[in-house]
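Lettered A, B, C and D in written order, each chain numbered from 1.
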Amino acid sequence: GPSVVDGPGVDPSCFAPWDASTKHFQWEAQEGPYRIAIVNGFVGNTWRIQMIKTAKAYAEDPAVKDKIAEFKVVSTGTDAPAQLGAIEDFINQGYDAIVTIAVSPDGFDRVIRLADRENVVLVPFDNVLDTDAVMQVNEDQLAMGRMWAEFALKELDAKGVSSGKILEVRGLPGNSVDRDRSIGINEVLAADDGTWEIVSVVGNWDDGTTQKVVADAIAVHGQFEAIIGQGGSNGVIQALTDAGHPWVPVAGESENGFRKAIAEHSDEGLKGISIGQSPGLVAVAMKAAISALEGNVMPQLISVPLPVATYEELEDGKNFWSDLPDNFFTVNEFPPCGVNVSGPAIMAQDETDVK
Amino acid sequence: MRDLILRNRAFAGALAMFLVLFLGYHALHPRGFSTAVFIQNANESVAIAFVAMAQTIPVLMGGLDLSVGAVMTLANCIASHLVTGSPVQMVLGMIVTLACGTAFGLMNGLIVVYGRIQPIIATLATGAIAIGLALIIRPSPGGEIDGDLNWAVTNAVFDFAETYGLADDGNAAWLQPFVNIPVPLIILLVIGFGVWIPFKRTVTGRTVYAIGSAESAAFMSGLPVRRAKIAAFTLAGFFASCGGLYLAIQTSSGNADVSQAGAYTLNSIAAVVLGGSSLLGGIGGAIGSLVGAGILRVISFYFRILSIDPLLQPLIEGLVLLVAVSLGALRTLRVKNRLELFR
Amino acid sequence: MTPFARLSPENRPIAIAAIFVVVIVLFGTVYTLSTQGTAPMLSPGYLLQQLQIGSFLGICAAGMMVVILLGHIDLSVPWTLTAAAMMATTVGGPWAIPTGLAVGLLVGLLNGFGVAYLRIPSMIFTLGVDSVLRGLMVAHTGGFAPQTTASPLMRFLAADRIAGIPVAIFVWAGVSLVIAGILTRTGLGKAIYATGAKEGAAYLSGIRTRGVIVAAFVISALCASTAGVLLAGYSAKAYQGMGNAFLLPAIAAVVLGGTHILGGRGRYAGTLVGVILIVFLNSVLSIMQMPEAFRQIIYGVVIVGMLLVYGREGGSRT
Amino acid sequence: MQDAAALQGAPPTPYHEAGMDSTTPHVALEGVSRYFGGITALKDVDFQCRRGTIHAILGENGAGKSTLIKIMAGVLPPSEGRMLLDGRPVAFRSPAEARDAGIVCIFQELSLIPDLSVADNIFIDRPPRSLGLIDRRAQRRRSEELLARIDCEDVNPDTNVRDLSLSRRQMVEIAKAISKNPSVLILDEATSALTSRDVQTVYDLLGKLREDNVASLFISHRMHEVDALCDTLSVFRNGHHIETFGKGERTSGEIVRLMIGRDIEAQFPPKPAPVAGKSPALKVEALKWEDRLKGIDIEVAPGEILGLGGLDGQGHKELLLALFGVLKGVTGRIELGGRPYRPASPARAKRQPTSLALVPEDRKTEGLMLQLSIADNLLTPNYARVSTGPLIDRSRADTAIADAVTQLQIKVGDVTDKVETLSGGNQQKVVIAKWLIDDPDVILLNDPTRGIDVGTKQEIYRLMRQLADAGKAIVLYSTDYDELIGCCDRVSILYDGRVVAELDGERLTEENIVSASLNIPGGEAA
C-alpha cells in the first residue's frame, strides 16, 4: 500500500488537495507502461457513456498513450458484488491501477485491502468512497450546492425579490452526492435573511423525471422565484417553457441544452448558472493513477475545480455548442491537467458528416 | 422415465454450460485456477446464487417472487446495523437479520394464501414495501460491520482460521486439505444443500412441486397446500435474507439501492431459467438455480479478460443471455405433438 | 362492500378503483386546503396536466394489458419505449414517427417470435430483449452524437393543446378506442381472450394461437413505441433510460384495473381506471412531498389493499 | 317435476339389507344441502352407507353426485345439515382430514400430479420415511407391490404421470387410494376411461375390499357396470336423494326412469341401410407418426359413422389428432372429399373445402375455455363466420349462438354465464355445438360421451345420426363397446398403431370387438 507522506504533492495545479488537512500518499515507483482498468457501474445514461468515451479518448492521448500498456473498461451495473468482483479480478490479473465509480460509498474495505497488498492503485472518482484509505478524485459537491444557492440569491437580490418560493430539485435518493449538494443549497438558503419557502422535489438527475416533477410543482404552487436543480436541467427548462412560467434565475448542471437555453433567454430573465460534474473527471483520475504509479506524492483526496459558467460567461462554440444536441455535458476539459478532450470532440467523434 | 431424464437433461445441460464457460474463463485468465480467482468468483456469486435459490421455490410452485431482491436489500440494511459489536452480538445480529427476512417471506406467503392474490402481484407490492422499509432503515449507504468478519468470510478457509486464531492459525495439519477452499463457497453449498435437499424430501417440499404441477390435484390429494405455499415463500425469504446478510458482510455496509434490488430480482429469474427450472412450475430445483446463477456471473467475467469495446458490452451481454435462454427452445423443436406445447 | 356484491366480477374492480380515485383526489384536496389553502387538485388545469403526463403511462398500460390478457408479460417496454424515441429523434423530420413505430413493430415481432414460436417464457424472453435493446442504445449513443431533438409533429402531439386540452390526451383516447375496439369487437380480440384462457383449447378450436401471441406482442410494443415517441415530444428530446419509470406502474395499473395476471379475464375500462388511479396517487404523493421510502410503502400497501378489497378470486381453487 | 313416489305409483321401497339393518351406518348425511350462489346442488339429502357394501350412486349430469361425495371427502363443506361417521358428527375442513378419518376419494377430475412419478403420486401425502425424510426406495418398492395388486405391472413407478395414458392414470389413482387403507372408498366415475380388462380388475378389487368390510361408493354412468357390481343403489335427481334400494330390486328401465324422471325410448337411433358406392369424404392410407401410428388405412363416406375401437392407447387419439393437424411429422396419404390434404394445423383443417372438426378427449383442457362465457366458447371457431371484415357482427353472432343452443338443447340460464357453471353433459354439448356452427363435413369425435348420463348420451347419439343423415361423415372413437355397436355403421379396431379388423353388419358384436382388440388371431371369426 501507499505510505502516508507530507505534502505538497506533485503538480498541485492539477492535483489540488481537497483542503489543508488532506493527507498525502506515495506509492513505490513502478516501471511503466502500466495496465489500467476502469470499472464503471451503471451504464445507460449519457453522462456515463460520455465518461467512457472520454476515458477511451484520453487513453489515446499522446501525453499518456505511451504510459499505458493495456487499457480495459467494464461496466458492472448497479450491483455491488459485481463491481467489487471486477475490481478484485483486475487486481488478480495484475493490473497496476483501477479507476472506478463506486456503486456505493461503502463496502470497499476488502478490495482496498487487496489492492494495498498487491500494490495496485485504486482510484474512485465521481461517486467516491466514505474513506480516507484510498486516493480519490472529485469535485466538491457541498461547494457546488452552496454556489448554486448563492448565485440564485444574488440574482434575486438584484431583482429586488426577498421572499417567495424557491424550488429545489434533488437527485437520486440515498446517494451521497445528492445529500451533499442539498446540504450545501439549504445551508445557504437558511442563512439568507430573505423569507424563502423551499419546495423540494425529487428529479433523480434525469431530464424526464425532472421535467415531470417541476411541471407538477408549478401546477400546484403557481410560481417560483428561482429554481435550483441538481441535475436534469434540460427538464427544468422544458417544464418552465411548457407551463409558460416566467423566466426566473435557474441554477443547474452543465448539459448543453441548459446552456443553450440560458444563452438564448438570459435577457428575458433566465439568469442561469451552470456547474457541472464533468465526465472528464475520469481523465483526471486516470492521470492521477499514472502519476501515483510513477511514485509521485499525491493528495489523498483530489479536488477538481468546479467548472462554473454563468449567463454572463457563456460563449457559443466555447463553453456550449448551439448546433449540437442538448444531452451531452459541456465541461469536459481540465486544461491545468492537460486534459483537453472537449465535449464536442467526444460526442462528435464520427459525427463530422452528421452535423 | 423419459421425462425424468429430460428433467435431468435440463440440469445437466445447465451444468455443462456452466463448466464450459467457467473452465474457459480460467484457461484465459492470467492467474486462472488459483485460489485468489476462485475466491473472487465465489464472493461475487454468493448473493445472486442465494437470491436465485430463493426465487426457485415460488417458481416451482408456478408463481414468481418479485420481492426477493427487495428482501435481500432489506436484510442487507438490517444486517448493516446489527452485525457489529462482540461476537455474540454479531451472531445475534445475523440471526435477527435472517429472522426478519424469513418473517417477510412468511408475510408474503400469508398474503398469497389468505389474501388469494397471485404471487407475482402480491410480491410486486410487498417488494415495494421491503424497499421502503430498507430506505427507512438506511436512508443513505453505510454501516459498521466488523472488518475481521468481512475479511474472514470473504476469503479462503486458511484466512478464516487465521483471522480467528482457529486450528493453530490455520496451520493445523488436519485443516490443510481444506485451506484453499473459499469460505463463501462453503457457506453457499452448506446452506444450499443443507436446507434445500432435506426440504425437497419432506411432504411440504413435495407439495411445492405438486402445486406447481397441478394445484387442484394437490389439494384433492390431501396435501397441505396452504402450508406448503406459506413454507415456500418463507423459505424464499430465508434464502433471500441469506443473500442480504452475506452482501452486508461482504461490503461491510448496507445500501437500500432500489435499482440493485430490481436487478437482483430479474437476474434471479434468469438464473432459475438457465438452471433448468420451468417457470410453469413443478420441474426443476434450487441446485439448478445455483448453477444458473453461476452461468450468469461467468458470462460477465469474460468482459474482464477479453478486449471488447466497452460500449458494446451491454449489447453482447444481452445477446448472450437471450441466446442462452433460447437454448431451451431446442426442446420445443423436438416436440411432435403440438398439444404438449400448451401446458 | 355489499353494494358491489351485485356487480359482476369483471366490473367490481373497476367500480372500486374508480371510487378510490375519487378518494385520492378528495384526500389531496383536503391536504392542500389545510396546508396551503388552495385546492389545485380540483382545478381542471391541474387535472388535465396530470392526465397529459399520465397519457404516456396509459398508452404503455394499454399495450401491456393485451399481453397480460394472454397470460404473458412484456418486460421489454422500458427500452422499447426508449429505443423508439431515440431512433425517432435520430431520423427526425417527417419520418421520425414512422421510424419510432417501426422500432416497435420490429421489437413486437421479435418478442412474439420468441414467445410463440420458440415458446420461451415471456417473462424471460422479453427481459432478454430489453437488455439487448439497452445494449443497442448504449452503442448507438456511444457511436456518434445522434440527433435527439423531437420533431415538431412529436412536439405537437405530446405538448400542445387543442381547445385547452392537451393533444396527448387525444392520442391516449385514440389508442384506447383502438385497443378497446380490438378487444371487444374483433375476432382477434376474442382470440386473445380465448388463447389467454386456455391456449390448447383455443388452438384446437382452429385459432392460430401463435399468430395471436405475435399480434399481442406487436400491439404492446407499438403502444410502448407510441409512448416513447410522445414522451420524446413532451421532453422535446430522447434520452437514455426514459422508459424506466413505466414498466412496473403499467403492470400495476393493468392489475389494479381487474385484469387477471394469468390471462383470460379483464376489461379495458379497468386498465383506464387503473392508470388514472396510479397517476393521481403519484400526484398526491408529490404534492405531499412524500419521501421515497414512504412512497414505496404506500404503493405496496395500495396494491395489496386494493386486491384484497376486490375480493377473493372466483370460487374454484385453481 | 313429479316426485319419485308419484312416479312409482307407490311409496318408496324402504331400504333394507340382510343382517345389516341394526348396525349404525358407517357414514350418514343428515339434511345436507349445498348451494353454489343461486344454484342448489344438493337439497335436504339424507344418505347412509355401510361397511362391507358396494354402493352405487346414480343420477344425471348435475344431479349432485360429485357434490355429495365432495362433501363426504372434505372438499366442500355442506351449506346445511351434518355428517356422521359411525354415529358421531364430523366436519372435515380438507380432504386430508377426511382421509385421516378413513374416507378416501378418487375424484372425477383425477388428482394426480403430472410432473411427479407414479410412486411419488401413490404415496403423495403419506410417504414412507426414514429420519423424517422421504424414503424413496421404500416408496418405490411399496408402489410396485400395490401396482401388482391391481394387475398394473406394466406401469413403472418411476415414470412421470404425465407420460401415462388416461386409463393408466386411473389405475394409478386406484392404487393411490387403496394405499391409504380406507374404510370408505369413493370412486367418482373413476372407471370412465378404463378398458374392460381394467374394469374387471377393479371389480375384483372392490369385491375384495367388500370382504375386508370397506364401504365403497361407486359413481358411474355405465349402467352395466353398476348392475354387475353394486349391492345397493341410490338415485339422485336435481339435488334430491330420490331412492335407495338393493341390488336387483329394480329393473334398469325403472332405474333410468328414476334418474331422469321419464322413460327413454330405445337407446340408439336406428341405423339406415348402408349405401354403397359413395365416394369417401375422408380417406386415409398408410398414415404413420412416430412409433404410435404404423400405417393406418381408413375411409368414411358422407352419411356414415365410422367407429374406432380397441384397447386404450393403441393410437386412436393420435389418429384423430394427426388428421386434425396437431401432430408434426405425419406421413401417408390423406384425401378429403377426393382432394389430397396435408394436415398442418387445426386452423387449416377447419378451412378445407371438405372441412374437419374435432371434439377432443378432455373437454376441460382441450375443448373449453372454462372461464369464458358459453357464448364466447361457442363462437371460438366461428369468428370469421360472424364477422364483417375485422369487426364482429353482433346480430349474426347472437343468431348463431341461439341456433346452436336450441339445436343441441343445451340447458343454459344465460349464454353470458361462464361455461364452467354448466354440468358436464352440457359442457360437452357446448363443445359439439361450437363445431356444428362451423358446419364441418367430417366430424372427429374422441369419446364424446365419457362421463355423460344416459339421457344426454341418448341425445348425443340421436344428434350424431341426424348429422350423418344430413351428409356428414363421422369418425367416433369410444371406449364403450355398446356405443360402438349401437351407433356405428362400421367399426375399425386399432391395435398397436394399425387397423387389425374392420367390423360391420352382423360381425359388429361385442365378442368380435373384444377379440379383435386383443388382436387374437382368427378371433374375429369366432
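The working rule: a residue touches a chain if its C-beta (ideal position, glycine included) is under 8 Å from a C-beta of that chain, and two chains touch if they have at least 3 such contacts.
Note that the coordinates shown come from a computational prediction; the quantities given were computed from them, not determined experimentally.
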{"item": "Between the pairs A-B and C-D, the one where more C-beta pairs touch", "value": "A-B"}
{"item": "Whole-Å gap between the CA centroids of chain A and chain C", "value": "34"}
{"item": "Whole-Å separation of chain centres (CA-atom averages), chain B against chain D", "value": "45"}
{"item": "Residues of chain D engaged with two or more neighbouring chains", "value": "326, 345, 366"}
{"item": "In chain A, residues with contacts to at least two other chains", "value": "43-44, 49, 52-53, 173-174"}
{"item": "Sites on chain B at which at least two other chains make contact", "value": "135, 139, 216, 219, 256, 258, 311, 313-314, 338-339"}
{"item": "Chains grouped in pairs wherever the two touch, ordered by label", "value": "A-B, A-C, B-C, B-D, C-D"}
{"item": "Complex interface listing, chain D residues touching chain C", "value": "36-37, 324, 326, 345-347, 349-351, 358, 360, 365-372, 376, 379-381, 383-384, 387, 390-392, 420, 434, 438"}
{"item": "Residue ranges of chain B touching chain D (in the complex, touch as defined)", "value": "1-4, 198, 201-203, 206, 209-210, 212-214, 216-224, 282-283, 335-339"}
{"item": "List of chain A residues in touch with chain B within their complex", "value": "37-38, 40, 42-44, 49, 52-53, 56, 72-82, 84-86, 88-90, 92-94, 103-110, 113, 130, 173-176, 179"}
{"item": "Parts of chain C lying in touch with chain A, wherever the complex brings them together", "value": "32, 36, 40, 45-46, 49-50, 53, 134, 137-138, 141-149, 159, 231, 234-237, 239-242, 245, 283, 286-287, 289, 291-293"}
{"item": "Residues on chain C engaged by chain B in the complex (per definition of touch)", "value": "75, 114, 118-121, 123-125, 127-136, 138-139, 142-143, 198-200, 203-204, 209, 248, 251-252, 255, 260-262, 291-304, 307-308, 312-313, 316-318"}
